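Next come the structures, one after another.
Same chain, two partners: chain A is paired with chain B first, then with chain C.
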Partner chain A sequence: MSAVVVDQSKNGGTPTSDDLARAAAIKRMERREGWKRRLPVLPALIYTILVTQIPFLFTLFYSLTDWRIDKVEPRQFIGVENYASLSGDKFFRDAAWISVQMTVMAVLLSLIVGTGLAILLDRKFFGQGFIRTLLITPFLVMPVVAGLMWKLQMFNSTFGIIGWVMNGLGFDSIEFATKYPLASVVVVLVWQWSPFMMLIVLAGLQGQDQSVLEAARVDGASSWGTFRQITLPQLRPFLELGTLLGAIYLIQVYDHIEVIVGGQPGAKNLPFYIAQRSIGGGNVFGLASAYSIVVVIASIIIANIGLRVLSNLLEDNS
Partner chain B sequence: MAIFTRAPKAEPILGQNRAVAMVLGVLTWIIGLLFFFPLFWLVVNGFKEESVASSSPTLNFDPTLDRFSEVTEDSGGLLSFTEAFGNSFWIVLISTVLVMVLAIPAAYALAIRPMRKWRDILFFFISTKFLPIVGIIMPIWIIARDLDLLGTRTVLVVLYTAMNLPLAVWMLRSFFAEVPKELIEASQIDGCSLLGQIRQVILPIVAPGVAATALLCVIFAWNEFFFAIQLNPTGASTIPVWVNSQQKFQGQFLAGLSAASVLATLPVVLAGWVAQKRMIRGLAMGAIK
Partner chain C sequence: MAEVRYQEASRIYPGTEEPAVNQLNLDIGDGELLVLVGPSGSGKSTALRMLAGLETVNMGSIWINEVDVTLKPPQDRDIAMVFQNYALYPSMTVGDNMGFALKQQKVPKAERAERVAEAARILDLTEYLDRKPKNLSGGQRQRVAMGRAIVRQPQVFLMDEPLSNLDAKLRVQTRTELADLQARLGVTTVYVTHDQVEAMTMGHRVAVLNFGVLQQVDAPKTLYAAPANKFVAGFIGSPAMNLFDAENVDGKPGIAGVAVPINDAVAAALKGQSLDKVSVGVRPEHLTLGTAGIEGEVTVVEELGSESFVHVRTDHRGEATNIVVRDRGETQTARGDRVKIDFDGPLHVFGEDGQRVTA
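And now, the complex of A and B:
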């Protein structure tokens, strides 16, 4: 663009046909340049659209049909009937409510625990690196292993550690995972995700502007006051990022539920219920697709709020 | 900005008093060890006899390697350890290479030669992570079935690539954005070709970031269970499915399962320990920078 402006000023501001042709040529070049710049993004973009967006359109279509994969009858277009039946579907409502509870509890608790751990780690002490490494490890563990491990060797009433400790304290041991399925799953999720939150908050703590902290100290601010008035506002973007990323993953939890509670009621969230009702043997693909679309819409609403937050972050920094 | 290696810490949040510092240090140790305890116990159980593992918890036992050799033996079942390990290895390797091949040019373009509306494109990538997998699992299952891909490694390679691609673009962009613009301009003035510029100027700077991103992709792909069990529960499946199959419906199996879990978890845990600092920096900076 700037090249065009320079050309015009040379001729006293009145563009000749020569200039116009030149400007058009430059524009063409810029457009070609634009495509050249976009080209490297295209393979990744096309791949992502093909594998994620196209199937989504299929789901949208299925959700308007009465399709059952176990019947030979051709699928019929039934409009929004599947959606209309949702409000009376007790199992769907239960699963939705479990989803909300599970995601909110797991995100909040791991954020709180993670922030606490980050604050403890953000100071010099003997073995700091070693303890940080230990604390990170739960996040690296395969969800299936984490679920099985907690269910069998921690929660189990006969050979689990929790029961053993409770016996030692004079209580009866209970079958934790059967009695409190939702709490059991949340405990394991928090154990796995607190380290993740901790690392994000730690990045925030260690990236703080040291001169501001120094100034606060010189001014005689207490450490709690400094934390509340200086550190916490600086941490906000990191806490928001942790919440967002945590929510993206935790809303989709499947593995933990599969291995800890399996088909039992009490901790089936929407992803688990949908899988069960469709490819897991339920076979009502049309209805299950409608469930999926509701989940997607709910996620998009949450995501939009989240993306707006992220977008503000990018704006602030550029 | 090397956030983890910043040398002198000016001010910890909690008090400066030495006694307080001591108590907090000990507290951190206790919490750290408690957090790690379930994994420690997993390893311990892996070295027990089945009957010892399936009774009241104890540390008083003769350690044995038998469980490790038992679970890795070809059981004649649907999926042996060697098969699962081989499948996981190839699926993870190929999908991660694919992710990198697709994501590096995209990240380069988004960070170094940003086009118009680059933010929208970046947001599109990350927004696909908001699409719950259940929203697409049915069509994927049907398409895979119709293409005869159910129960193959190919279907998992395709899906894991799509699963990790947004995150990789997101992280790599932040690493590419750290290459000083002056360096790139200088190399252009020196008449460096695009390829030379990438090889000699950009790659050396972003190489650690690329490695960290690749590692995160490896971890997510290695640990993935949902697609593997839904689309590929049989002989071509992966390590998580194999671990899950070590649960027996009768008899004692905790020690064997623990040994299997240790084998399944170890590669990724070791990799994560090595790359912990860079991985999270990429995640955090991807959003902040």
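And now, the complex of A and C:
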């Protein structure tokens, strides 16, 4: 695709040596321009390839072997055997189902809570900035710390606040995290991720054209009507972004599960299961690699479906 | 159909001392197109938004059809508003935009579609009904905003600088169409603009505001021929009136050493006022380049084809002062020419308080 233009009108279609020299000069200039743009990106690109793509290729390779680190025999190439064993692994299926439930619930709930908070923050009041900062703090807490806080200070049946409140109301306190492992993890995830969703939705709300909202008022729409018919459709790209980013992060949750419920089957998602099968003591690295690859592919597919569903939902609404 | 009344209506924004709109009294007749005009910060948009219910009325009251709407929310006032940036609902089609208000009123779908189609026909929008606003040109968006207003068949139209986002040519064209449409529908309309040409050409009456205070409300002709005060005199008319603090020339107010020909009644009215504190105004078309009068040197000639405006520099009260004279082109003047300016038409004299001195 060369953008070189040779004016052929002057000499009946035969480019002269001057024309050719000029064309070559222009080509050189364009090439220089191209490098000027590419060069600054190069370090980042090389780094990304080193830390993501090359490990991915290694994983792909391991997934086709029977590699275990607790055996002295050299690893052998076994083809797609690891992938074939996947269908018979009940634990994998359980973990996959937990992953889906955990991600969907955490993303949707934090999106709803975050949107609610954003709507409350999207109006002027005294102390607005202070309250906004306070609301963001859960997102700034380290996952492990958040997990410990909730486990010890909220869920714990003896010392936890939830137990204390339940006692106060006349109920017996229960070991929340043991009895409802999945719900416990989801609660903490929602607590941590709602501020993130809130920030994204708040950006959307504040980007709204005020006169459009005024027009809706003059046209007789109620507050709820305005929100449903005008604001929500306009928030769509922001909700989609929140869903996408939230899903990407929440599908790989590990720390919270490790801290709050440990290896309980009720809240063991795929990353946790894969880690257990490999570095967590299982040592079957070949198999775990195969599972990882499957998870990556499944994640991409699910994220796409999720986005499409959400888009359609909002499309109908408007 | 409705009458609108502002009664001592004031708006004071929180945290400010000066009212944005100060005790506005205004009666707008049924079917009238009243234009609120003024420079930016004059309170014209605020006054309109008070009528819309989008601004609190801090003092006084606003009435639509003898009903006090001062404390009513916008949706209970039966008004339709056209915004400067049109404020179309971006996620809805043109048809849904226009039918939005009817949908809120729970008008049946069939009737809604019928009324939208009717409005679309009037505004030539029929083929765009299924498009989203972002796929329309500026002029089409403006028409959709108009359509959204007329579909409702409201008591009052409110228009907040509806033409200011159009290019010059389209603005002039749409101005005419809008005035025609308003006359046909006969809906009382309050129209805000900063463009005095728009105000003059469209308004049945024009209300001039400055610093939140109503200066004068009158038919365009009256506004032009008999401005009530110095502000209106300077604001209405393009090019602007030549308006000067007068100097005392042999006991008469004068410009650049030449006494202006005022009649005895005006002279009598000026008795007791300090002549160098009164103001004298004369429109460019009421001056001619002649053989006697104010002397000066031509600095710029603006040739418009049908007429030309000659800018003449004179020495008035010891300062170089610019006077604009309309020339029909009979005299050929050029930059650098020495000319004399003669009075040829009505004069406007404003007393020490800036108010018109009427004979």
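Everything that follows uses one rule, which is that the second predicted complex is superposed on the first by the 283 of 318 C-alpha atoms of A that agree within 3 Å, B and C clash if a C-alpha of one lies under 4 Å from a C-alpha of the other, contacts with A are read in each partner's own complex, and residues count from 1 in each chain.
Keep this in mind: contacts are C-beta pairs under 8 Å (C-beta built on N, C-alpha and C of every residue); 3 or more make two chains touch, one makes a residue touch a chain.
Given the structure is predicted, the values throughout are model-derived calculations rather than measurements.
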Would chain B and chain C fit next to each other on chain A once aligned, or clash? fit
Pick one for A:171: touches chain B only (first), chain C only (second), both, or neither. neither
After lining up the shared chain so the two structures overlap, which partner does A:217 touch, if you call chain B first and chain C second: first, second, both or neither? both
Quick one: is A:234 in contact with chain B, with chain C, with both, or with neither? Answer first, second, both or neither. second
Rounded in steps of 10, the angle in degrees at the Cα centre of chain A between chain B and chain C is 80
In the overlay, answer first, second, both or neither for which of chain B and chain C A:48 touches. first
Could you look at A:91 and tell me whether it touches chain B, chain C, both or neither (first, second, both, neither)? neither
After lining up the shared chain so the two structures overlap, which partner does A:77 touch, if you call chain B first and chain C second: first, second, both or neither? neither
Which partner reaches more residues of chain A, chain B or chain C? B
Does the superposition put A:209 against chain B (first), chain C (second), both, or neither? second
Minimum C-alpha separation between chain B and chain C after superposing on chain A, in Å: 9
By the touch definition above, which chain A residues appear in both interfaces, chain B in one complex and chain C in the other? 214, 217
Touching residues on chain C, where the partner in the complex is chain A: 52-54, 73-75, 79-81, 83-85, 87-92, 100-101, 104-105, 148, 152, 158
Within the complex, chain B is touched by chain A residues 34, 37-41, 43-45, 47-48, 51-56, 58-59, 62, 117, 119-127, 131-145, 148-150, 152-154, 158-161, 164, 191, 194-196, 199-200, 202-207, 210, 213-214, 217, 223, 226-227, 231, 237-238, 241, 245, 248, 251-252, 254-255, 258-259, 270-271, 274-275, 278-280, 285, 288-289, 291-293, 295-296, 299-300, 302-303, 306-307, 310-311, 313-314, 317
For the chain B and chain A complex, residues of the former touching the latter: 1, 3-4, 6, 9-16, 21, 24-25, 27-29, 31-33, 35-39, 41-42, 45, 53-57, 102-103, 105-106, 108-110, 113-116, 119, 121, 123-143, 158-159, 161-162, 165-166, 169, 219, 222-223, 225-226, 229-230, 239-240, 243-244, 247, 254, 257-258, 261, 264-265, 268-269, 271-273, 276, 280-281, 283-285, 287-289
Residue numbers on chain A that touch chain C, as the complex places them: 209, 211-212, 214-222, 225, 229-230, 233-234, 236, 318
